[in-house]
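Below, chain A partners chain B and then partners chain C, in two separate complexes.
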Partner chain A sequence: MAQRGDTSKKVILGILIIAGIAIPFFTGNFIIRFFTNALMFAILASAWNIIGGYTGYASFGNVVFLGIGAYVSAVLMEKGGVPFWIAFPASGLGSAVFAVLIGLPVLRLKGHYFAIATLGVAEAMKALVDNLDITEGNSGIYLPVMNLSVKAQYIFFYFMMLGVLALTLIVTYVMLKKKLGYGLIAIREDEEAAGSLGVNTTLFKVTSFALSGFFSGLAGSLYAYQQGFIKPESVFDVGVTVKMIVMAVFGGIGSLLGPLLGALSIEIISEVLTNYFLVAHTLFFGAIVILAIVFTPKGIMDIVSGRKKFGLNYLLQNIRDHRV
Partner chain B sequence: MILQIIVNGILKGGLYALMALGMSLIWGVMDIINIAHGAFIMLGAYCSYWLFTLWGVDPFISLFLSIFFMFLVGYAIQKYLINLVIRATIFITLILAFGIEIFLNNLALVMWTADVRKVQVPYGAANFNIGTVTIPYVRLSAFIIALVIAGIFYIVLNKTRTGRSIRATAQDLDAARLVGVDVAKTYALTFGMGVGAAGAAGTLWAILFPINPMMGGILTLKSFVVVIIGGLGTMFGPIIGGLTLGVAEALGSNWFGATYENLISFTILVLVLIFLPRGILGKRE
Partner chain C sequence: MVILEGKGITKVFGGLKAVSEVDFVLNQGEILGLIGPNGAGKTTIINMISGTYAPTEGRVVFKGMDITGKKPYQIGRMGISRTYQIVKPFPGMTVKENVSVGAMFGARGKELSAREAIEKAEAVLEFVGLQEMAEYRADDLNVASRKRLEMAKALAMGPEVILFDEVMAGLNFSEIDKAVDLIQKIRNEGISILVIEHVMRAIKKVCDRIFVLHHGAKIADGTPEEVLNDETVIKAYLGRRYKELVQ
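This part shows the complex of A and B:
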């Protein structure tokens, strides 16, 4: 069974890589734009997976890293005249530094308290950016326009997002093979035991949070540059945090490719719903979140990789496992 | 002037306390963070709005209908939805609640449009003065009702059989089950009570402020702040938390400007979590 799982995982990965590279050359701008957005969510969900999935700290404020990344780029490029290639890594680093600063006190909290604290941090940052002069407050801030044709811009941002996603997944993969990865999983399973076995839990947790922040910050920078205009309520939106968690959970948390699959499936589902139900699509999205959580709380990764057989029995078994 | 601001803060704080009461109960008993709480407040508000607009039912009377209706909604949601996943990891229930919030908000949006509405009671502006301080009657009534409902909660939880089974379930699920508590039903009752309190808060909110289908999000966040400030596990936590937040917001907006209101709330939230993680009244471990 394990072997069958491994082979189908490789097949999925191969298909995803080929499709990922080929898509922009065979499709129009609309599809490229759609997948750029889906890739951004795949980055966010995969980055959330590092802290929420592997380390077991359910951050409910990860959107703050997207927002900080976006605003670091916007302020540096618009106010400082800094070129994109410097602002881009600076955004990732800015978010990572913020993750370290906020992580040191907040990562001492556990469970719900950590979730609420991170949510509070994200909302406080939104309110702060809303009131600062350098970020131009709640009227939003423009970024310099890119000097490329429209089609070239679409392709540029697509491959940048794809590159950041690849980087996120490769770093996560490498991390899992190292002491850091084992340490994080040990913290998730039993933090006190991990600590008494010599894992420096604070260092490990903060590193994990910083990595999560770094990749989300890079995505934020790309998002801001592509949009050309950002506002606090769009890049610090709680809904984005929830969306990335739903994607990670739907795909399968604590698995490398789960969040990516979750992001792609949820984005495609939402897009189809938007096409058919212009007014009520968010209503149906809510219903899908409810159904997905009730019937597949462990995510679809088990089914996709062939470890579990999909069917009514599988869905009912999930309910039997978790109800009172 | 400063006295007036503090009185305003206290009166609003009573409403915050009522909002947080239900969330605190649900959180304390079932370890569910009910992100849909604000959506239930919104439904309670619309319940009274329509009763008033269509049939002219006074909101202080429809308060009881709103509580009853929201109790049923909460009972059903817990029984047929949340009970199905309650033993999964904590953020499963968190996201399920968020799914419910998205669903309810957008249902309201589709049915009632995004228009901002207001319950125009004829006595809305009536007030009286104590010295230099002006107190509107509706705000004072809302404050008193919030405290009365908190008192009823206290009595139900501490003096009745249902209350005992709720507290037993909160302390030890398996032990409660062993002595014959119907856990699934107790959970449903608890959620119903919490959502009923949210319905009451919604009605009072509709009397005092304009309402719209998306009003719930910020109210959920404020309820968090109140629960965290007050601390879990005691009925007085939400009251202390609500009054603290109400006064802090009133003073803060006066000193820094109204746009800083949210920044103040969430900064308090994060600071309390870091320095007083069990809240002001919460039990120490």
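This part shows the complex of A and C:
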């Protein structure tokens, strides 16, 4: 079983890598832009997976890291005249530092309380940025324009997003092989037992939150630079958090490639639906998400990787395991 | 030589004095039994040693160091590991991964890489006799194996003291005998052990000394012979029928 899962995992990964590198050379600007956006959500969903999937702390405020990343880049580049290559890593670090400061109090909460607290943090940051002078409040802030042709810009941002996604997945993969990964999963499975086995739970949870923040912050920086103009409402939008969680759950939380698969399939499904049903597409989209959760509650990754066979048995097993 | 000592430890929950001024001593290489009726405060004592609760009063001393009020993970790394009465496996992990976590973060954890810790976990599984279930998910195990997994996790930490909280509850006779053998085998490794247990045949077989708790206070302390024939202990815990049954 495991053998078969491993091989098909490798095949999927190979196809994704080749397709990922080839896409911008064979398609037009619209498709490149579409996939750049999908890649951003793949980063956000994969970063959410570190804290929400592996550590078991369902953050409902992860968009705050995107927003901080975006605003760190915007303020540094516009007000400080800092070049992008410095603003970009600074955005990741800024979000990571914020994750540490916020994580220390908030990660003491569990379950629903943690979810609501993180939701509150994101909303509070939106209000703060809305009212600060340095961020130019709710009128939004412009970023310097990139000195490249339109096509070159599209390709640049596409590969930057792809690079950050690859970094996120590689770091997560390495983490899972190391003590950090074992410690995080132990915390998810039983935090008290993890503590008595010698896991410094506070340190591990904060590290996990900071990693999640770091990669989301990098994505935020790229998003802001590509947009050229950002507003608090767009980069601190709760809807973005909901979307990344839906993608992670749809693909399979607590699996390495699940959130990536979830992000790509959800972006593609919703794009196709929008093309065919201009008005009612969200209705069909909702139906698809519901069906997916009912039939594969642990994500489509289980089916795609061949770990589980799709069918009546799997459905019945899911009903036994996850309901009542 | 004394390895672990409680000096006048007291725990108050609201208006309830769960444990009141209990002194105990665990000697190097000894198996010390802790018995008493339900609600006597036995698990609270383990929780105070392992750092889950800070004692309201009194001190816990390990190898001459005051460890009162330290965090559970710090105490675990110093060399005291514990099991839980209501077992706490990591259900989504395999048995081997469960034990590996203990090896990675326990007293010897700093010296081991993740890979070495997994190798150590395999050795521990062999030691406790769970090697055939190494790849099972922890929530697929039966009660006896779960209790054994708890012991394996504690043992993998490389501790000097292990606190066993009712590792035999819910087991049948042959499983109890196996658990008794395992506890003795662990002691032969040079580890000092504190056991909470209700199973008298196991307590008598395995313990060097016993102390008895009743309503949070220590009412007896001594060899199994002395304690199990003590009139107050019989009145508070064992009951008169026990004496008749034994004779």
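Simple rule for what comes next: the second predicted complex is superposed on the first by the 313 of 324 C-alpha atoms of A that agree within 3 Å, B and C clash if a C-alpha of one lies under 4 Å from a C-alpha of the other, contacts with A are read in each partner's own complex, and residues count from 1 in each chain.
Everything that follows uses one rule, which is that a residue touches a chain if its C-beta (ideal position, glycine included) is under 8 Å from a C-beta of that chain, and two chains touch if they have at least 3 such contacts.
Here the structure is a predicted model, which is why all the values come from computation and not from measurement.
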Contacts of A:193 with chain B and chain C, given as first, second, both or neither: second
First (chain B), second (chain C), both or neither touched by A:152: neither
Touched partner set for A:246, first chain B, second chain C, both or neither: first
Chain C versus chain B, contacts on chain A by residue: B
Touching partner for A:293 - first (chain B), second (chain C), both, neither: first
Partner chain(s) touched by A:283 [first = chain B, second = chain C, both, neither]: first
Which of chain B and chain C A:131 touches, first, second, both or neither: first
First, second, both or neither for A:111, with chain B first and chain C second: first
On chain A, positions contacted by chain B and by chain C: none
Touching residues on chain C, where the partner in the complex is chain A: 50-52, 71-73, 76-77, 81-82, 84, 88-93, 97, 100-102, 104-107, 109, 114, 117, 153, 157
Chain A-facing residues of chain B, complex: 27, 31, 33, 81, 83-92, 94-96, 98-107, 109-110, 173, 183-184, 187, 217, 221, 224-225, 228, 259-260, 262-263, 266-267, 269-270, 273-274, 277
Chain B-touching residues of chain A, taken from the complex the two chains share: 52, 58, 60, 105-106, 108-109, 111-113, 115-117, 119-121, 123-124, 126-128, 130-131, 138, 238, 242, 245-246, 249, 279-280, 282-283, 285-290, 293-294, 297, 319, 321-324
Chain C contact footprint on chain A (complex, rising order): 177-179, 182-183, 185-186, 188-190, 192-201, 254
